[in-house]
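Some notes on the structure that comes next.
Just so it is clear, A, B and C label the chains in written order, and each chain counts residues from 1 on its own.
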Amino acid sequence: MTPLLQVRDLTKRYGARLGCGDVSFDLYPGEVMGIVGESGSGKSTLLNCLAGHLAPDEGQVIFDTRGDGPVDTLTMSEPARRMLGRTDWAFVHQNARDGLRMGVSAGANVGERLMAVGARHYGDIRAQAVDWLGRVEIAEDRVDDRPRAFSGGMQQRLQIARNLVTGPRLVFMDEPTGGLDVSVQARLLDLLRGLVREMGLSAIIVTHDLAVVRLLADRLMVMKSGAVVETGLTDQVLDDPQHGYTQLLVSSVLQV
Amino acid sequence: MEAMIRVSDVSKSFVLHNQGGAVIPVMAGAALSVRRGECVALVGDSGAGKSTLMRMLYGNYLADGGRILVGDVEVSGAEPREILAMRREVLGYVSQFLRVVPRVPTLEVVAEPVRAAGGSREAGEARARDLLARLNVPERLWALSPTTFSGGEQQRVNIARGFAHDFPAMLLDEPTASLDATNRAVVLGLIEEAKARGAAIVGIFHDAEARAQVCDREIDVSRFTPERAA
Amino acid sequence: MTAMQHDPAYNFAYLDEQTKRMIRRALLKALAIPGYQVPFASREMPMPYGWGTGGVQVTAACLTPGDRLKVIDQGADDTTNAVSIRKFFERTAGVETTEHTAEASVIQTRHRIPEAPLGEGQILVYQVPIPEPLRFLEPRETESRKMHALEEYGLMYVKLYEDIAHNGAISTAYAYPVKVEGRYVMDPSPIPKFDNPKLESGAIQLFGAGREQRIYAIPPYTQVVSLDFEDHPFEPSKADHDCDLCGCGTSYLDEVITDDAGGRMFVCSDTDFCAARQAEGHRGRLSAEDAA
């Protein structure tokens, strides 16, 4: 099986300071990988380098494209990379406002990616938008409301619908449940898990919440000071951490 | 008959990096093998390493040395996705604790292993209904999340989930604990059925009668407990 | 047809020759890449931004002493803006001016395309307030320019989608976005969408945005398609009336309030077109009674 994503020696420096260094891994179709670490550990830098939002200094991010097989996305042309960004890739921001167009309706937010890849039939676009709102548990009668009028959890679900409507194969998520009430988090986790399963998505989830990765991620990557200190099966890393930092991280979680 | 589960010369120690790098050896020279249709009980005092060995079999703990084979999968040294595939298709696990996403209905929780192994939604739900009914989980609870259930109910949901897919190998961690006589009998029945269809089972049973009823052999894990540093 | 002299205190058409050359280079580039917004070094003009500084600079760069200039604002030759720009060029360029569309070689316009068809040998200069059609959805200029470069126009449809979602139909009535020669999406300036079909013409069409420092163009006989959805096709629309002065049923109309008791009338917004029809004897509902 060809990995969906092959990352090789990815390094990003901010001047003299290391953002993330020498990160390598393979992600296979259908796999969900969590990246954990404290603030400043480089996990968001890594995610943004992977997603093409930041230009790394060294390394390769090879994606198995539908048309041409594995291609290094860092050296592919910008139009091709942007096309990937609105077709096979999706990015869910921590703050829904960063990932939504707050000035247009929920329906238009979901429909935008469809229109961006050439959908030109209003009725079809709207029907798909309504279908996706339903999948993320937003009532059909909210389709013409702007996201401003939505709660934080609804905004986050709308962002997810907007991202998944074109059937991407790889989703990047940056603290997708951050800043939400625990009850809202649970609902979102359930939803994400269901969608990942149904659509056979691969995902890379950055979070500092170990409970989130335990439920969502198959594999875990632990980062500290820009470097990967431990990787492995999620429950193995959490239950039998090998690196001192991971042990500290796991033992620092408050038990409920 | 060929062994389904093979363990040879497995060792394990915990290194506590944040407590002065203390090394705690918990197992050395562990060896066992379980054939298809056989149920082997792990026995030994509390702390002897029964759960540790089970967890290493499941890929939950990393073995330091030795070899663990489940079917064709070499658990020691496998990639995460190989372990995940093994857990989906080959090796089932009934733990003492139910860990599920809140909000997911019981019926789906139980049906999940069937679907994960490639079964249809209908097949999964049919199997889940059958098992939940046998384990006397009231039907009115099936649409609710098990996170709110009593300990005994959660345990039965957990067992139903563990037996939903016909795994060729299974790990059972105290499957009869906190069950009443009726349900205990149901669980022992499920274990016997699994053996009859050829499942290789490793179990921990504090319940000696249950052990006597379903287990073919006992392995005392205190044999694998390293000498404690004086 | 009196050949006038321009005020010798000014260079011909106000701008110095270097500036006109700079603008002409931008115009040539704009014509070579239909619909593409070419940056240019817009000059301070003796009028406020919003009064047509972009159009005036383009006109100044195009004018030759033999040209005949027409200036309209909302279709009318006699509004303040039109009159003052016309006087500006009479004084600084000494060119002939006219109110008749057919006689003009250069027409500067704000918010309309004349009713009479334009043809080869004519230049139509538009005054443009905001040249970027993506502006209201994507405020970052770096991003909107990249979207043009990569032909990523999905966002333009988001606006039309919103129109239909909220109003049941595409309610954008002016500055209706078009795609030029199958490539660039362009804001045709705030002309009514009624005028959009006239963007395909034999004349040269030049667009100048002074404050935004952009010039773009549609060469003669260029394909200009108004954006729409398959199930909500583009429809040029106008008030559902005839002109109350000339009776024309096909021209673009202005609604004029005539009293404070609900009285109103509809008249052609193109004053030259309306006057010409009346001179030919056409009459509308509110025409003064014929003496005859």
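Quick note on the criterion: a contact is a pair of C-beta atoms (placed from the backbone, for glycine too) under 8 Å apart; a residue touches a chain by one contact, two chains touch by 3 or more.
This structure is a prediction, so every number in the text was calculated from the model and none was measured.
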Task: Far-end chain from subunit A, centres as C-alpha averages - done: C
Task: Closest chain to the centre of mass proxy, which here is the mean CA position - done: A
Task: Length of the line joining the C-alpha centres of subunit A and subunit B, rounded to whole Å - done: 32
- [ ] Compute the distance, rounded to whole Å, between the mean C-alpha positions of subunit B and subunit C.
- [x] 77
Task: Where subunit A and subunit C are represented by their mean Cα positions, the distance between them in whole Å - done: 47
TODO: List, in ascending order, every residue of subunit C touching at least 2 other chains.
DONE: none
Open item on the list: Give the list of subunit B residues in touch with subunit A in this complex.
Closed with: 14-18, 55, 59-62, 80-81, 83-84, 99, 101-104, 115
Open item on the list: Could you list, by residue number, the parts of subunit A that touch subunit C in their complex?
Closed with: 78-79, 82, 86, 101, 103-105, 107-108, 111-117, 120-123, 125-126, 143-144
- [ ] Please name which positions on subunit C make contact with subunit A in the complex.
- [x] 137, 150, 152, 154-155, 157-158, 161-162, 164-166, 229-232
Task: Of subunit A, residues touching subunit B in the complex - done: 28, 31, 186-187, 189-190, 193, 197, 214-215, 218-219, 232-236, 239-240, 242-244, 247-248, 251
